[in-house]
Each structure stands twice: as structure tokens, then as C-alpha cells.
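There are two complexes below, and they share subunit A, which is joined by subunit B in the first and by subunit C in the second.
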Partner chain A sequence: MTLMENQSATIPAPREITTKPRVSDQIFRAVVTVGGMSSLIILGLIALFLSLKGINVLRIEQLSFITESKWEVLQDAEGKIAESTFGLAAMLIGTFLAALIAVIVGVPIAVLSALYLTFYARGSAKKLLVSLIDLMAAFPSLLFGFWGFIVLMGSAEYWAKLLNKYLGFIPLFDVPAPIFERSPFIAGLVLAIMIIPIVTAISREIFDQTPLDRIQAAYALGASKLSMIRAVVIPYGRGGVVGGAMLGLGRAMGETVAVYTVLNVVYQINWQILFGAGGNVASLILLKFGEAGPQEVDALMAAGLVLFLLTLIVNAISDILINRFGRRGR
Partner chain B sequence: MSSTENSNNENNMEKKMQTTTPSSLASVANNREQRVPGTNLLGTGLETRGVHAWFGKKHVLSDVSLDFAAGTVTALIGPSGCGKSTYLRTLNRMHEFIPTAALAGEVLLDGQDIYAPGTDVTKIRLRVGMVFQKPNPFPSMTIGENVLSGLKLAQLKKSNTDELLESCLVRAGLWSEVKDRLGEHGGALSGGQQQRLCIARSLAVEPQVLLMDEPCSALDPGSTFRIEETISELAKSMTIVIVTHNMQQAARVSDYTAFFLSDGGPGVMVETAPTSKIFSSPTDKRTEDYVTGRFG
Partner chain C sequence: MTQTTTPKPQTPWAVTIQQRLSTAGLITLGALLAGVAIKTTGLSGKLGFAAAFFFISTLLIFIQQFRLRDLAAAKDSLLSSLASLAIVLTLIPIISIVATVVGKGYKGIHFGMFTNDMTMASVNDPVNAGGLLHALVGTILMVGGALLVSFPIGLLTALYLTEIRGKLARPIKFLVQAMSGVPSIVAGLFILSILVIPVTQELNGLMGSLALSILMIPTIARTSEEMLLLIPNDLREAGVALGATQWRTVSGVVVPAAKSGLVTAVILGVARIIGETAPILLVSGGADALNLNPTSGAMGSLPFYIWKAFLTGGTEEAYARAWGGMLILLILIVVLFGLARYLSGRKVG
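Up next, the complex of A and B:
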């Protein structure tokens, strides 16, 4: 005889379990919900605005808006618009290239400084460095642009020449003419410096949370600091670092003024990162906005929409990557 | 494991676990197979001389001198906050991880002071392994990788790792349960299995001393029993120092017991003696009060 048979024959249906929240709880819930939703609503409204403004241009240009590289507005004798072509391909590729350079250069530096700050820096040196890096994050991007233009450019040009001399056989490092100023490479370097603070801050946060018992377990097995970091901290923090890097990538793609100051914007697809001709969607918008007629403004809004979507895609990919790489170390 | 084996284990366990009165603790200690220190040539072992410990300005441990003869199991008992875990952590220099930690006195391993200037601390920790209170396998590694992780961490070269892997898991009493799933992640095991995995991991670097900081306090009675079996098995080939809150456990597994106590000031080692003596006729009144359950 089983236990069930011992009991009475009828099994009741499960009850519905409810609670009546207090008024204070309900009010707080409403406040928090409004706060939480507002950013979503604002973002949605911006996307809607960009779509409404850009839809006409997108309808005319269709796919060639992102596959063609011509950006022209021709006026007739009376100053009316006779013909216009808008294509973003060169700008998109330029944006992507500069952001990629920024991530490749910036993320390793950021991860190393995060490791230094978490596991090596002590006392007041640590405090000073952390606040300096936070200050770097709040620094106006225009100043990074100026610094890149005035100070960095000279040195970066020299590095670019070296790269071109010794690695020029790789198409990426080849140049059609010896013009090394204002190249995507230099823009990428400026962006790298700009994303270091955010990537450092995120990596440091995640390294700091490495469970102490695992760190101790590694040390108790005779690990040196380096092997402990490799076996415990990096697997644990990998997901967070990837997330930070993607956030940096997003920031680098959207950055406007600093790139505008450094980069020579040319409406031609250029994969040669050392050559002084590049593109950038955000810089294009800044460059053209001041003197654009109504139709061109619409085209620029459409460009903004494309950039917006691109950033969304990057963030979505970063989410996927974090989920993929992040779980195992936990 | 077959079900009969399982129930046998449980019966044994119940027998052992039901002993609660102090006099029966002494009989548990007496009935256990006695190990004679120094019989299995394992070096002179570990000793401490006048060890004091501080955290910042707080003096937490005062003047502890103890000998751990090679091939014996020593239990450190005492109420919470008496400094026994702190003392244990001075034995393999894990003490210095707490930023404000300080220490005086000497810890001698085969006659050499492990705090001597110029000592490579990683080499000390290879010789004096440690198992922690909470099982802490590396979750990013498989079961097999966990066992051998010490080799990688300490950059040791071993030719026959498969053999080593098996022998460590056998000695930790885990081999039969995991031999077909060495590629799975350590987190998939039960708490008791994880703790035995951690023991296997610390064995892979072949330490001569194993420190255990309340290794069973997070485990159920069945797993505790398995770990205690493992400890008895390991004691044949190494020196073991175990911190425990469980006096029955001390009686079951240890040859010697040291009783620690703090009266609000720094912890001191009140008394050390063969385990059966501590539980039958302790010299110090405070030890007697503690082992008979009058406080703590």
C-alpha cells in the first residue's frame, strides 16, 4: 500500500496563491516602473523620429543607401535641387574599421590596467589611478580629438610609415599614395584611448568579483600570481570583458567629434587603414548638417537611423557573446 | 556503488555518529586504529615555535608551539573565534593573504623556517596543501582538469598524467564515482563529491602535509563519513592537520588533538595530547569543560 492510498481518496485542486500588496508598495512599484520604462520610451521615440525623417530618402535610395558611396546634391541655376544621390557604404566601412582598430588597440591595454588595478596596485596609488581613469571617461571628446590632431598625429604617422614599410605586403597596410595623415588608423588610435576608461572600469568591476575561495584554492596549490590570474580570474571575467569590449566598440562607432577632428572624410570605400582617407557615419552627419538643405537633412537622419540600428546589432551580438563565453567561468 | 554497499556505509556511519557522550568520545578515540608517529619515514614533519598572529592591531593568536609528527592526524578543536583557523593558515602561508595580517614566531617544515627571507612561497604551498571549508573546484575546468590543475598552476611537468589522475582520485575515494565522467565540469558533482575532488586536486602536487579547514562543515553526514574514510586512508602517507568543530570527528579521525581557546583576548593553545587522552582525562579544566560540552 502506498502512502497515497492511506490518505483520503480526493486530491484537491491546487489553490491560487495571491497577496494584496500594501499601498506604499503599489506606489513605489508605479514610480519604479515609470523610471524603468522612460529610457525605453525615449529610445523608441528617437528611433521613431529618425525613421519618420529618413523614410523618404530610404524609399528613393533603397538598398543603395548602404551599398553605394556617392553623397551628392546637385543644384540648378536657381538654387533648386536638380539631382541628389545618397550612399553610405564608404562611411559605414570607415566607421567599422576605426572602431575595430580602437578595440584591438584599446581592449588589451584596458584589460592589463584592470588586472594591475585589481591585483597589483595598492593603497593611494590605486585610488589615484582609479579616479584618473574615471576622469578620462568624463573628458570631453573634442579635447581627445585636438590632442590626437596636434600631438598624436606626428608620432602615429611615423608608426604608420613603419607598419607600411614592413607589413605593406598585407593589403590592409598598403597605401596607394604616401599620405599617412588623418587616416583611419590614427582615428582608431584616438578612439582606442577614448574607450580605455569604460573597458577598464567594466573589467575591473568583474575581476574584483572573482570569488575569493577560488583565488585561495589556486594559491593553495602553489600557483604564482600570473598562473592564478590565468586559471581563475580570466575564465571568470571573460564574459564581462567581452561585454565591456563590445560596449567600447559601440562607443567607438558612435563617437563623432573626436573622429571628425582627426579623420579626413572621403566618399570612397577605403580598406587601407594607413591611408589618409576614411569615412565615418557620425562625422558625416556633423560635417554636412550645418549647410544641408531639407532633403539632405532627411538623408542625414536616415544615416543616423542606420547608425542607430548598427549600434543595436552590436549590442545584441555582445549579449550573445557574453552568454556564450560568460557562463562557463562562473 | 551498489545499494548494499551503500546501506553498509550508512549503518557504519550511524554507529559512529550516534556516539554523543564524552566518555564514548574517548572510547571512539581509543577504538580507532592507532598510528605511531614517525614510523613511516616521511621526514620530520611540521612544527611551530611561538607563533603569534595579528590582524591589524588585533592580536588573535598567542604563542602557539606544536609539533605535527610525520604520518599523523592532528585535530585542532575549540570554540569559534579561538584562532584555530588562523593558526592553520599560518602553516602554509595563506595567512598573509589578509592585507593587514602579521605574524611572529617560526613555522618549521623539515627543520626549515617557511617564513625565512627569500623563501619561494609557491614552493611551500606545494609541500603543504590545503582543503577549504567550502568545496571550491574550478568551475571552468572539467573534473580531470581540476585534479591536475595544480600541475598547470605551479608549472610542474609530469609525464604520466593519466596515472596520476587515477591515483589521486582513488586516494580521495572518488575514482569509482567519476571515472566515466572525467570530461564533465566539476560543478556537476554533489557537495561531498566536490570536496573529495578538491582533496584529489591537492594530492596531485604530492604535498607532504595536508591542512584541512573544517572540510566537512558544509556537507551532509554521508559525505562527511566518506571524507573521514579518505582522511584515514591518506594519513598512511602524509601528515594531516584538521580544524574541526565536530568533536566526534576529532575523536574518529585524529591521533592527536590540540585544544584552542580565547578568553576575549588572543587565542591560545591550552592543551595538546593524544586524542584519547584529551577526551578521557584532559589535564586542563577548560579542556575538560569544552569536551564534556559545558560550553562552546
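Up next, the complex of A and C:
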């Protein structure tokens, strides 16, 4: 007990018990809170600066920026800009068209894949499949674009011709000229392949959260897998899956490089999805940016703002759906 | 000695070998019939065969299930057929993409490519001329720069969500989610509008880094948050019970415990942005020469290298070059991804 003897008997002064954080903690909490606000700050800055740059064009064009479909910069003899019209409608339609094709093709495949991964696959096969699909979600869009252009295009053209041959009486599948290459349909397919891993991952997470007792209750009542899924999993996960689909829609709407590579970007309204012309807002920005003069740059910034707000809205809806339905269920 | 018999555990619900064999037989029959259908009817090609094969096999299994059991079982078999079809359809692109990149890319790989840049070669020159040193270095510099910006911000956001859990936690979570949906081209436009046009008037590597970090922050924040949530609350409580302040607890206990998880977050963030092309095209300039200074002059990058070879070339050599670059990029992504998987698979702590 030498230790005790050596220590002089200083009793530590009683200290006040308080819930007030120390100075170090106050600093810590302040720094972390400011850091935590960064996403708010960045999103706000994006909206602010794109608006600042785009405001001139938006003020001139007003609502016709999104309702009219004419994107022209006319120059006079001296190369000065004589007249310019910026209307985004054709590209907005193209954006929605390609993204909708992607969702219509991709989401059923993704949801069924997620069902397979959750309720059919097991053991190491399941682990391998999940890793592969997650890896695919990390592939760069450049890769999807070039693969779509070099590999998928040939097959997709053949499918497009089949669709046109047998369903050509529907205006959507009609073509003004037999050009099936680089069409919105093929771009939509590439986008579908890009969103499949994302939607699969989210749907799988949501299906995984289905309460086990309800699943077992259904089985105990003699349900087959199909009737169990219909009675338990689908009602439980419906909202979350819709949210996942919306997230996929958002991704598909904002995709630039893959669409630019696959699609023949032409500024025109094209409802005929099998015909090789079209575009989306993001690919327009990439296409026009290189040779754009100051005013056109402003217009492209405004286009970027429109795209930003669109994806923000779609993402917000998807987030609400995933969180409301995905986490708590009915 | 009396012989005691231990009853073997039985699984009457398990799929028996006979059932497996009969299903396999039906699928083979389906393939055969599909072959016949190709020969005799108007269907043709691989697509025709695949469609006929799927349809006939599904039908055969449906009929068999209906005969052996009842309509409910038969309908159930439909779902399993459809789900299997879906997973096959999901896997085909993955396999095709990897096969294409490896098959076309190996021709574009040579040892000189790691020591040369493209100053003395054009994309249409033979593959052995030039290389992607400048692109690799540019990508590493830009991604490294983006990491320096994104990691602190992402970690602070994650700490706010897990440690402080303030009133704003829910909206912040939502905003991080929203930020991860920002189209990559918008990130590029944003950097143009806030820095390049009004301030620097120059496209360089730093601008590329900043644009990439906008895409990287949400990935790092979300993954770090998930990893920090895995740290048991006991550790935090133990730290506080020992008299540590929250700052001490977080810096001395929570963050070290989550170290491998945070490394995973960083790796996933890098994998997310390493192949990003659109913002790079807008703000980093894109150069053919090695440039070690991110603050001045255009900087090359792997995606730009691939993009240029693919779009401006048109010859076999240019394509081989592009696919070679793509192979390097894919290898980088796969390695990063595998590393993240390995690290996050380990025990926390």
C-alpha cells in the first residue's frame, strides 16, 4: 500500500454536475453541425449559381424556355449573334421518353431479380449474385454507353425492327424512315440496364425487411411462395419498390454520357421511339457546350437548372416513398 | 451392448433428386422443342430460340406441376420461372460487358502505356505508340483531390447524423440522399458557374476535383453513416462513463472502432467517381501531356482518354486504345470494389 501512503491526501474538489457541454464539446458539436449542413449548403449553392447564370435567358424566354422546342443561335454576316431562341421542350420530352422506356423495361426485371435473390437464391450463389449486381452498379456510365453502342446496338436494332414490323400500326412504334440505329428505344434499353442494379439493390433491401413472422404465418397457413409474396411481401414492400423505381427514373433522367454515346442527338421532338433521332437535356448540354458562346452557355446553365430541379423532385418523391413504406411497412 | 439408433433428421420439404432430374429433363426437352420450333416455324435467331425455349420450358413445368399437385403449385412455378428469367436477363449484360472489355481491351494493353503519354502520338497511331501515363496520373490527382475535400465533409455529415442526432438529422439525411441524385453534368455546370467563369477562367485539374467531390460526398456520407451505426452504443456509453467528453469519445473510441468501415466508405466513394466522365469533360480541360500541377493547365484523365480515343478516332487502333483504357479503368473499379467488400466483411472494431 505504498502508493496510498505516498499520495498526499488531497481529496478532489467536488465539482458541479452539469449537463452543459464543455468548451471542447461545444466546439466539436459546432464543427460537426456546420459540416453536417454542407449538403444543404452545396445544394443551395448549386440552385443559386445555376439560377444566377441562367436568369438572363430565363427572363427573356420565360415559360417558353420549357414549352417551346427551338434551340437556335442565328449569326449575322459578321459572326455576331443576331437572334437566339432557347426552348427546351424537345429535349425534355426526350428525357422523359428515354427514362420511361428505361423504367418500363428495367423495373419489372429488377423487381423480379430482387424477388429471386431474396426468396429463391441461397448460400454462396446468392452472395456471388449480390456482389456481381452491386459491382455492376459501380460501373461507369461511359462503359455502359460504349458497350451499348458497340455490342447492344446490333441486337437492339433487330428487336426494334421486329417491333416496327408487328406493332408499326401504333404511332409510337412507327418510323418516318427506316433508320433504327441510335434511337431513343436503344438509349432507353441502355438506361434500363444501368438502373437495373440500383433498383434491384433497393427492392432487395425492402423485401429483406418483410417481417419474418408474417412470412412464416403465411407459409404455416399453407401458402405457396407465390401466394405468400402476393399476400405479404408485395403489400409490405409496394411503396418502397415504387420509390426505388422513382430513384431509377431520376438516375435515367440525369444520365449524360451513356445517352450521348448511344443516341443520335438531334434537336427535334421525336415521339417515334424506334427512329434514330432524339436527345435528352443532359446530352444537349454536353453536345452544345463545346462551341457555345456566352449567351448559349447561360442558356445551358438554365437547362442544367431545369434538369437539377427535375431530378431533385423525382428524388424527393422516391426518398419519401422509400422511407415511409420501406422502413415501417403498413 | 445395445445398439442405439439415432433418428436421422429428415427434411421432407426439400427438393428430391427425382424432382431435380425431372425439372432438368423438362428444361432439356424445352430446349429441344425450341430447336424444333426454330427449324419449322417463322422464328429465327438467338432471340427466337431464347424466347421459344423460355416459353416452352415454363409451359412444360407448369403442366407438370399441375399434374403432380394442383393449380396453386403450377402458378407458383410460373413465378419461379419468371424470377429466374429476370436474374438471367440481369446477368447477361454484366457478363457481356466484362467479356467485351476484356476481349477487346487486352489488345490495347502494353507495358509502354504506363510510361508514355500522348504528346508524341495521336489516337490513330499503332497501339504501341503513346500511353496513358498522363491519364492515370491525372485521374489519381483529381480523385485524390476530390477525396481530400469529400472525406472531411462526408465524415462530418455522418457524425452529425449518428453522434449529434440534432433536430435537423432527418432533413439532412434527405438532402444527402437528394445530393446523391444530382446528375453528374450538373455538378460540372455548377463548378463552371461558381468558379471557372467568374473566378479562374481556366479549366484545370482542381476544378475537376471539386466537381467530382460533389458526386463523392453523398457516397462517403451515407456509407460512413451506415458504418458508424454499426458501432455498438456500449462503446459510446463506456467512453462517456469513464468521464470522457463527447469529443474524446468520438475521436478516441467511435472513429477508431469504425476505421475499416470508414476506409470502405472512402473506397466506395473513389469507385463511384473514378469513371465519371461528364463533369471531367466540362471542367478539367483534358490534356494529352503529363501535367502534375492541378492548379494550372488542362489535365488528362482516364475517362477523357477513353472518350477521346473512342470519339475522335474511328480506326481499329483508336478503338483498341479506348478499350485498353477501359480495361484499366474496369480493373481499378473491380479491385477497389473487392477491397471494400473485404474490409466491410470483417468484424467491426
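A few comments on the model shown:
Note that in this section the second predicted complex is superposed on the first by the 280 of 330 C-alpha atoms of A that agree within 3 Å, B and C clash if a C-alpha of one lies under 4 Å from a C-alpha of the other, contacts with A are read in each partner's own complex, and residues count from 1 in each chain.
The rule is short, and it goes like this: a contact is a pair of C-beta atoms (placed from the backbone, for glycine too) under 8 Å apart; a residue touches a chain by one contact, two chains touch by 3 or more.
Worth saying up front: this structure is predicted, and the values here are computed from it rather than measured.
With both structures placed on the common chain, the touch criterion links A:Ile285 to subunit C but leaves subunit B unconnected. In the superposition on chain A, A:Ser227 makes contact with both subunit B and subunit C. In the superposition on chain A, A:Ile46 makes contact with subunit C only, not with subunit B.
In the superposed pair of complexes, A:Gln216 makes contact with subunit B only, with no contact to subunit C. By the touch criterion stated above, A:Ile195 is placed in contact with neither subunit B nor subunit C.
In the superposed model, A:Val242 makes contact with neither subunit B nor subunit C. Contact with neither subunit B nor subunit C is seen for A:Leu97 once the two complexes are overlaid on the shared chain.
Counting the residues of subunit A that each partner touches, subunit B and subunit C differ, and the larger count belongs to C. On subunit A, the surface touched by subunit B in one complex and the surface touched by subunit C in the other have residues 224, 227 in common. Taken in their complex, subunit C has these residues touching subunit A: 45, 47, 72-73, 75-76, 78-80, 82-87, 89-91, 93-94, 96-97, 100-101, 104, 152-153, 155-157, 159-161, 163-164, 166, 168, 171-172, 174-179, 181-186, 189-190, 192-194, 197, 214, 217-218, 221, 245-248, 250, 268, 271-272, 274-278, 281-282, 303, 306-307, 310, 322, 326, 329-330, 333-334, 337, 341.
By the touch criterion given at the top, residues 211, 213-214, 216-224, 227-228, 231-232, 235-236, 328-330 of subunit A touch subunit B in their complex. Remark: subunit A residues 21-22, 24-25, 27-29, 31-40, 42-43, 45-46, 49-50, 52-53, 108-113, 115-117, 119-121, 129, 131-136, 138-144, 146-147, 150-152, 155, 158-159, 193, 196-197, 200, 224-227, 229, 247, 250-251, 253-257, 261, 282, 285-286, 289, 297, 300-301, 304, 307-308, 311-312, 314-316, 319 touch subunit C in the complex. Of all residues in subunit B, those touching subunit A in their complex are 92, 94, 97, 122-123, 125-126, 129-130, 132, 134, 136-141, 149-150, 152-155, 185, 198, 201-202, 205.
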